[in-house]
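Letters A, B and C name the chains as they come in the text, with residue numbers starting at 1 for each one.
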Amino acid sequence: MTLAHKTPLTPLDDAFTPEGGKQLPAPLKSLRDIRSKAITGMALPNRRTENWKYSSRYLKLDPELAPQTQATGDADYRSVEGVYRLVIRNGLVDLESSALPTGDGIDIRRFADLDDVTAQSVARKLDTTLDHGTTQLAALNTARLEDGVLIRLSADTSVDQPVYIQYVTDAGASGSNYPRVMVEAGQGSKMTLVEEYISNGDQPVLVDSVSELLLDDSANITYIRLCMDPANVRHIGATGVKVGANARFDSHCIGFGGDLRRHDLQVRLEGQGGYARLNGIALTQDRQHYDNHTAIDHVVPNCDSDENYRCLAADRSHAIFNGRIHIHPDAQQSHADMNNKNLLLSTNAEIDTKPELEIYADDVTCAHGATVGQLDEGSLFYLTSRGIDRDTAATMLSMAFVHELVGQVPLEDIREAVNTRLTDFIEASFRRAAE
Amino acid sequence: MLTIKNLHASVEGTPILKGINLEIKPGEVHAVMGPNGSGKSTLAQVLVGHEAFEVTEGEILFDGQNLLELEVEERALAGLFLAFQYPVEIPGVSNLQFLRTALNTLRKHHGQDELDAPSFMKLAKEKAKQVDLSPDFLKRGVNEGFSGGEKKRNEIMQMLMMEPRLGILDETDSGLDIDALKTIANGVNTLRADDRSFLVVTHYQRLLNHIVPDVVHVLANGQIIKTGDKQLAMELEEHGYGWLGINEAEAAG
Amino acid sequence: MAESNKPEDFVKHEYEAGFVTDIESDTFEPGLNEDVIKRLSQIKGEPEWMLEWRLEAYRQFQEMTEPNWQKVNFDPVDLQSISYYSAPKKDTDKPQSLDEVDPELLRTYEKLGIPLHEQKALAGVAGAGTPAEAEASSEGGGAYSNVAVDAVFDSVSVVTTFKEKLAEAGVIFCSISEALQEHPELVKKYLGSVVPRGDNYFASLNSAVFSDGSFVYVPKGVKCPMELSTYFRINAENTGQFERTLIIADEGASVSYLEGCTAPQRDENQLHAAVVELVALDDAEIKYSTVQNWYPGDENGNGGIFNFVTKRGMARGRNSKISWTQVETGSAVTWKYPSCVLKGDNSVGEFYSVALTNNYQQADTGTKMIHLGKNTRSTIIAKGISAGHSDQSYRGLVKFQPTAEGARNFTQCDSLLIGDKCGAHTFPYIENKNSSATVEHEATTSKVSDEQMLFCRQRGIDPEQAVSMIVNGFCKEVFKELPMEFAVEAGKLLEVSLEGSVG
């Protein structure tokens, strides 16, 4: 039915654009004000909004979710060995809990601490990696900016340990927070960046996070994003990436669903010889929701991209994947490959997928494949015939489904932690299904 | 039949052929040998008009016609046939359909009637048999899912159908076992005639045991550095290209 | 040598069906309102319920807005500037035999290769030949030989052939206007049962103003003895064509139906908004093929048909099957998604499509497979060829409802680009709510490679023919689904669409 004009549009309440950002340097404060003005009254995504088609019903924004103002609380960060730690608590930078690198070539600073020149440069680059037409809630992040972090690598800097950002949310009371990270990787620099979202408490909290990564020519960033915090969190996250000539971006996004869990990953290949690999694993159970939207733009010729996302949905949960590859005019000799495989673990679960290609150049090779299915009965039977009980067999096969992607995570500690968490998660869902 | 005078050709500004002179008379079989990178495949490609190569100097006469003025398909209709080193796949277009179009275009060019479906089928099956290709291949897409050897046999089968004035074989022997090599050589030999010539491009001498050449040329660094009879090929086989002072690694570089 | 020998230089379009028939017509003044609908219904002598049905559709239509989610750009259609009825003038009512049909009309169809003389048509049967021969043969000819034709000219059906022969088998094949007179109970029962009046903007418009179209009923257990076909011709200026087709295959029945369409070459855009409904009961099978060759506009994108069509089949019964095959080369702007609702257990849906866009044509086309019944199966093979400055999208939905135990879908979408100024896009929606259902989707993009061109040309094949041959090969999986006679015609149509002089 084409009755679009009859569906009421909920405008974003001006309670959502309160005064704030007083700590920000002038250029950033001014950007905040511009966004704030722009989004007041903006229609919230509804089911007719293409990029929220399957998720708008999970999106409940109400003015009670007021911004959290304290960078203190009960929730604790996790102690991880062999990494530089940066703690962002309730959207605010917690330098006291952080353990930052001190060497030459790497500069990590709060937005609030930026000098004027740097602040101006950051303000110019902020919001340039994401298409706000499809990441409407990323604009809200800028409109509610309180603080953020700039991570800047000088040319040819190689950071010796991963930079591990822990986003800690106190969910003891309802509220919302708006963490913001900006990474500028200079020519030929190299870093592993980990982002993990952690929370504590059972009240509804909205986390609206935005990370932007700018890779200069020949830079190399491995990006690991872990969303394994409890289900009551409503998390809308966006990661925007620009990849320069001969630069390489590898991403591994792994997480569980939530009341609302949304991640937009947008990568623009803007220099020839650029490469992006996007791996993702999403698991949902109970009544959880997880919506992964990725977009890879081949803007110039001779870039390659490989994408591989896998989803498992159990119980009454709902997993969504939307992958888009866009080959711009004249981006000849682009090679893009997208693969999305999905497993439905329960009769009441739902998986929706949409692998899109938008192609405006002829001398390219692009392919995508998507499947939605179930565990292979033959394999299950084989394992059970060897005396393995059905739940264990199902867990083994489910883990096998994501094994290849977990194996590509380059840090062993994280790989092991992920394996444990995934196994627990999958075991639990089969146990419940059997009950 | 074919006269090549001072032929220079380059690809994207890099000279590959640097002054080739060659004359093939009716009925002769010429072999062009040379190490990798010497320009022998380029010569084959330039003859049929591959557009990636630019002819910068020299001329090619075929039966007195200036070949360089002709389009790829006009050269084919004039009687040039190239058995490709890497025959391309054309999904969905059956061998039959492809060959029938090609053959009838040629017949039309010569003022002959087009072959009707039954006589065409009869001919195609007969030629397929000659190169040990099962008639099933005729129904399959052009080279679609063919093995390397099957592709090469398919090329020779097409040559048998089209009966060119000048057959050019570009490394047709590479990747073939001895049985397949003999099959292909037999196919070529049945075509040998007083008014038909061949240019056999090869790295190794072994094909020349079965398709015996009248003249052998050695190509290095874009020029013919030695010409002789079939003995030359034997000596090359025995002594290697280094015998002629060719540094193979350098030439390939 | 010519300066360039790229595949795109050999893609030019000459539209062969672009002539105008000079014939006197009764045409409504442009404009749309309830009175126009009443007048239309009155001229056709429709029963009261039909008029009420139309008016209700019109009321729903007025509540709607034109959809804009398709990936196409065009100026909005001014529905008030269109005439909603145009029919060749005639003294009597419907002609009783061919002798009464205006000779000018007969000449029109002859020119288009559509025989309306049954004797002549039958004479062609003997020459059909074996598939292998037909494939090897470049002579198409006689495509419509053993086929019953309903010829629709602007708003009305001018003649339907082979009616008696079909009646012997119990098959009803007539214009929908005639069906409303002769078989109102069947029309009333099924009309709107698959595409409801309020389904979408253009379907609602069609429900209000449809002027004619074809009606087929194949009774229980009957295999329709010949191919049925409707040939649509738009002739008059400033008219829209709103045809309605309804095909019912009763239990155990089967029928193969084909539609073809052409229009004169004009600078103005013309609207074609059809609705096709198919109903297959238990064990029934309907195969619906389309060769769409509406005028696509000129090489600068002026003129051409807006082809906004709703086609949907309901596989209602157990083991029923609905198969859509389409070859789309025409129209300036197309959006259509022939769909299958697989309601009956074990029912099967198929969609085989070739769409070619050239110059400034735009097409947003695909299918929907809605799986409701147990063990339902669907296959989608879509081949898109984009050339010139054209833009083409495949848009599809595969949906498994919780009831679709053990359902299966396989989808393959391939795009072929010819030239670097065109676009090819894929938007597949996959929604799975049943853990025992399986869907597999694959898509690829490729071009006509320089190596393929060299290979063909080295064998003496000229570049135009080479492009056409490679494109035909790309489409083969779809062509083999077409009824034999039409596969040859479809191949030729692609050739015509790609034809042009070198340089």
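Going forward, a residue touches a chain if its C-beta (ideal position, glycine included) is under 8 Å from a C-beta of that chain, and two chains touch if they have at least 3 such contacts.
These are the chains along with the protein names UniProt gives them: A = Fe-S cluster assembly protein SufD; B = Fe-S cluster assembly ATPase SufC; C = Fe-S cluster assembly protein SufB.
No experiment lies behind these values; they were computed from the predicted model shown.
The minimum number of touch steps linking chain A to chain B comes to 2.
When every chain is represented by the mean of its C-alpha atoms, the one lying closest to the mean of all protein C-alpha atoms is C. Of all chains, the one whose Cα centroid sits at the greatest distance from that of chain C is B. Per-chain CA centroids place chain A at a distance of 56 Å from chain B. Separating the CA-averaged centres of chain A and chain C is a span of 44 Å.
Here the CA centre of chain B is 47 Å from the CA centre of chain C.
Of all the residues in chain C, the ones that touch chain A in their complex are 63-67, 69, 198-201, 402, 415, 417-447. Every residue of chain C that touches chain B in the complex is listed here, in rising order: 1-2, 5, 132-133, 135-137, 449-452, 454-463, 465, 469-470, 472-477.
The touching residues of chain B, counted against chain C in their complex, run 48-52, 68-73, 75-77, 80-82, 84, 87-88, 90-94, 96-98, 100-102, 105-106, 109, 117, 120-121, 141-142, 158, 162. Residues of chain A touching chain C in their complex: 1-6, 50, 329-330, 332, 342, 344-374.
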